[in-house]
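The structures considered in this document are given below.
In what comes next, subunit A is part of two complexes: it sits with subunit B in the first one and with subunit C in the second one.
For the complex of A and B:
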């Protein structure tokens, strides 16, 4: 890592952490979503320090541009009122969550120690559009196709939640409404 | 490599400074003579009615998730198109399967009436 990369890494890491703390500490859902946006953009900067240029661009386009918008829509759907009942957890739960955080940190730390000596510099053109495409569309075709299935699942799930009507159901509703209007018109006004 | 992104960082920096500067300048330079009437929420000169935050229709969510899904589809097509000739027939068939699955999704959405605003 060059000095500039090193600086950028710590700069982006600090912003990402600040955004993450804001996301979980904010009582207003909309403010949490905006903090998440800060984290996501800082992560794009971290990808740049890892020579993953395409991923950094996709991160900004898809996550900052679309996924955060989706989160904001969900907040608007369920109402953006702040969480009122934020009763502090019991001591046992706090202890358990601290133990959980310690275990996750230890797991990551040990696995990083294991691979740190085997890290090599990425090959030329590693994170560019052509580099990613060459890897993804030759060696990762099955995960690529599974992405299409996952996206389909997202649409089907959203439709199931929103309970859209089929074309025949729509026709049935229209027929019923017309019939009701006709019967209302047939009855004399009192 | 990283120096190529210097303009991007400069732009982010300038944008942040301009936004912060505007907020600071208006709060510093603007005259402040608050009256109880001025501190009321403004709603076209009439008294406010109802809550300030309203629930949105679920139709917005359906539109948003459709946008996300087909946005990701486009994000996958872009690197594929950049390497189209080198990938050959294997890459072409892979993308045709990918697009076919998402085309089925689009037809399903269409038939379910999710693309209709009024229903």
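For the complex of A and C:
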């Protein structure tokens, strides 16, 4: 890893961490979403240090351009949440979560200390549009197609659940209800 | 090339783009829009901003009006006499007239003609200034400048209950993302630094340095960043710009703003999908995402994208989606004043409003530049190559009675070629912007459900069908 990339790594990592802290610390939902946006863009910068240009673009395109916009959209539709101060948990839970954080940190730290890997220069064309497309459409075509089918199925399923009734279905329901009312009205007459 | 030169060049290129996009195109577009709307709605339009001249200067200008009139008459009379002399020379088989060759008379016609036209223009400008009592209005071009000064010095009002941080970030996000998209747009062919004042050979893979050192010439790509992801960069950046309008509307603490922000976000997200899909056929045919390679393909093939059948459809769809993406009439529902006061802009004033405004205009320029690159050959000028003009065929035209010859090939120095290409590129953007302007002042506003319907049920299926069609054509062709 060259010096410039090293600097870029620390720069992006610092921004990503700041954004992440902002996301969980902010009380206003929209500010949290903006902090998330900062984290996501900083993560794209981290991908750049790993020579993954296409992945960085996709990261910004999908997460910043679609996911965060979706969050913002939902927040705007629902309206600002009332500012509730979260009830303080019991001391035991607080201690447990602190221990958990310490353990995770220790695990990561030791795994980095143990691994003495050297930086391997990526092969030519690594992370470019052509490189990624070549891998995806020659070596991983079947999984790619399966993922595509799964996503399409998910979209159709979501539509089936979320859509409102069509005009013909509403007419059908109304007709059935009228018929039921008529039979219900006819019964006591017998 | 050392690091210092590279940084210097990058700064120069960024300055060029910012000055052209923000400093020149956006104000001119604003001016043209007001001018056009005034013309169509029979109003006066921008004309009040002016530089006043002292009375003595105005009196001086008034005195020069008569001499200028005489000058116009004299120049055109002299040009006429020269034409008569040329006709006499042509009809009689003489070499000279009054001891002068035909060449002199040609020069006289051109020279006195230009002089006369200049004097005529000068007379008109002079007359205009004198008539208005010494106000230099420059056709109203000073108006955007006056607007900028006004916006900077206006009170910057923030609603008391607004989220001040987000309220301030929103216009910055909108403007910065609009300008940043320019980073990958190429505005001319590669510049070879050592060969600036030489004629560069036309079809050579590596251009040698022209200073006789025997090395390879320093190639400077005429774009700020040459990224492998190319056009995806523009879409990634533009996608972030959506957030600007959305949080601007949300943080204003105003229901109209909120509605406007919601409309802006949903409209931009919808049309971004359509916009992305309309230009996929371009990538299939040009076989690249890099904008400089896309232009080079069109330059080398000698045909602009719009003349390749599937791309003609793509171009129409793209322009449709692009106008909707910039949220301008007839798609300006997010700020539709008849329903939402000013939409997400309602609470903005001063330079914050100015930044939203500038961002919108820069976005128009960016999408125009993108259309130019994808469909209109970018910086490509027909028959202009690296070495100069090369018109089809082999011929030469001798001007009668002289030894002046016009040939089918005109060699140009490298810097001239680059300058012509930059001018052509800017001219193409200007024409596309003018087209948008005409659409803007011709069509009435759509209804909101119509906008969404035309995007999801019209544009999207059409662009996907166009991708399929292009796929079939590419398969059959190769």
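As a convention for this text, the second predicted complex is superposed on the first by the 131 of 190 C-alpha atoms of A that agree within 3 Å, B and C clash if a C-alpha of one lies under 4 Å from a C-alpha of the other, contacts with A are read in each partner's own complex, and residues count from 1 in each chain.
Methods note: a residue touches a chain if its C-beta (ideal position, glycine included) is under 8 Å from a C-beta of that chain, and two chains touch if they have at least 3 such contacts.
In this text, all values refer to a predicted model and were calculated from it rather than measured experimentally.
Asker: Counting touched residues of subunit A, say whether subunit B or subunit C comes out ahead.
Answerer: Between subunit B and subunit C, the winner on subunit A residue contacts is B.
Asker: Could you say whether A:141 touches subunit B, subunit C, both of them, or neither, answering first, second, both or neither?
Answerer: Touch partner of A:141: subunit B, not subunit C.
Asker: I'd like to know which partner A:37 touches here: subunit B for first, subunit C for second, both or neither.
Answerer: Second partner only.
Asker: Just to be sure I read the superposition right, which of the two partners does A:73 touch: subunit B = first, subunit C = second, or both, or neither?
Answerer: After superposition on chain A, A:73 lies in contact with both partners, subunit B and subunit C.
Asker: Answer with first, second, both or neither: which of subunit B and subunit C does A:95 touch in the superposed model?
Answerer: neither
Asker: Of the two partner chains, subunit B (first) and subunit C (second), which one does A:151 touch, if any: first, second, both, or neither?
Answerer: first
Asker: Counting only touches as set out at the top, which of subunit B and subunit C does A:54 meet: first, second, both, neither?
Answerer: After superposition on chain A, A:54 lies in contact with both partners, subunit B and subunit C.
Asker: Now for A:132: first (subunit B), second (subunit C), both, or neither, which partner does it touch?
Answerer: First partner only.
Asker: Determine, under the contact definition given at the top, whether A:109 touches first (subunit B), second (subunit C), both, or neither.
Answerer: Neither partner.
Asker: Counting only touches as set out at the top, which of subunit B and subunit C does A:5 meet: first, second, both, neither?
Answerer: The first partner, subunit B, only.
Asker: List the residues of subunit A that touch subunit B in one complex and subunit C in the other.
Answerer: The answer is residues 54, 58, 61, 65-66, 69, 73, 76-77, 129 of subunit A.
Asker: Under the stated contact criterion, what part of subunit A meets subunit B in this complex?
Answerer: Those residues of subunit A that touch subunit B are 2, 4-5, 8, 48-49, 51, 54, 58, 61-62, 65-67, 69-70, 73-74, 76-81, 129-130, 132-134, 136-138, 141, 144-145, 147-149, 151-152, 154-156, 158-159, 161-162, 164-167, 170.
Asker: Show which residues of subunit A lie in contact with subunit C when the two form their complex.
Answerer: Interface residues on subunit A, with respect to subunit C: 28, 30-31, 34, 37, 41, 53-54, 56-58, 60-61, 64-66, 68-69, 72-73, 75-77, 128-129.
Asker: In the complex formed with subunit A, which residues of subunit C make contact?
Answerer: Answer in residue numbers: 163, 165-166, 169, 227-229, 232-233, 235-240, 242-243, 246-247, 249-251, 258, 261-262, 265-266, 269, 272, 289.
Asker: Subunit A touches which residues of subunit B in the complex?
Answerer: For this pair, the touching residues of subunit B are 1-3, 5, 53, 55-56, 58-62, 64-69, 71-73, 75-76, 78-80, 82-83, 86-87, 90-91, 94-95, 97-98, 101-102, 104-105, 108-109, 111-114, 119.
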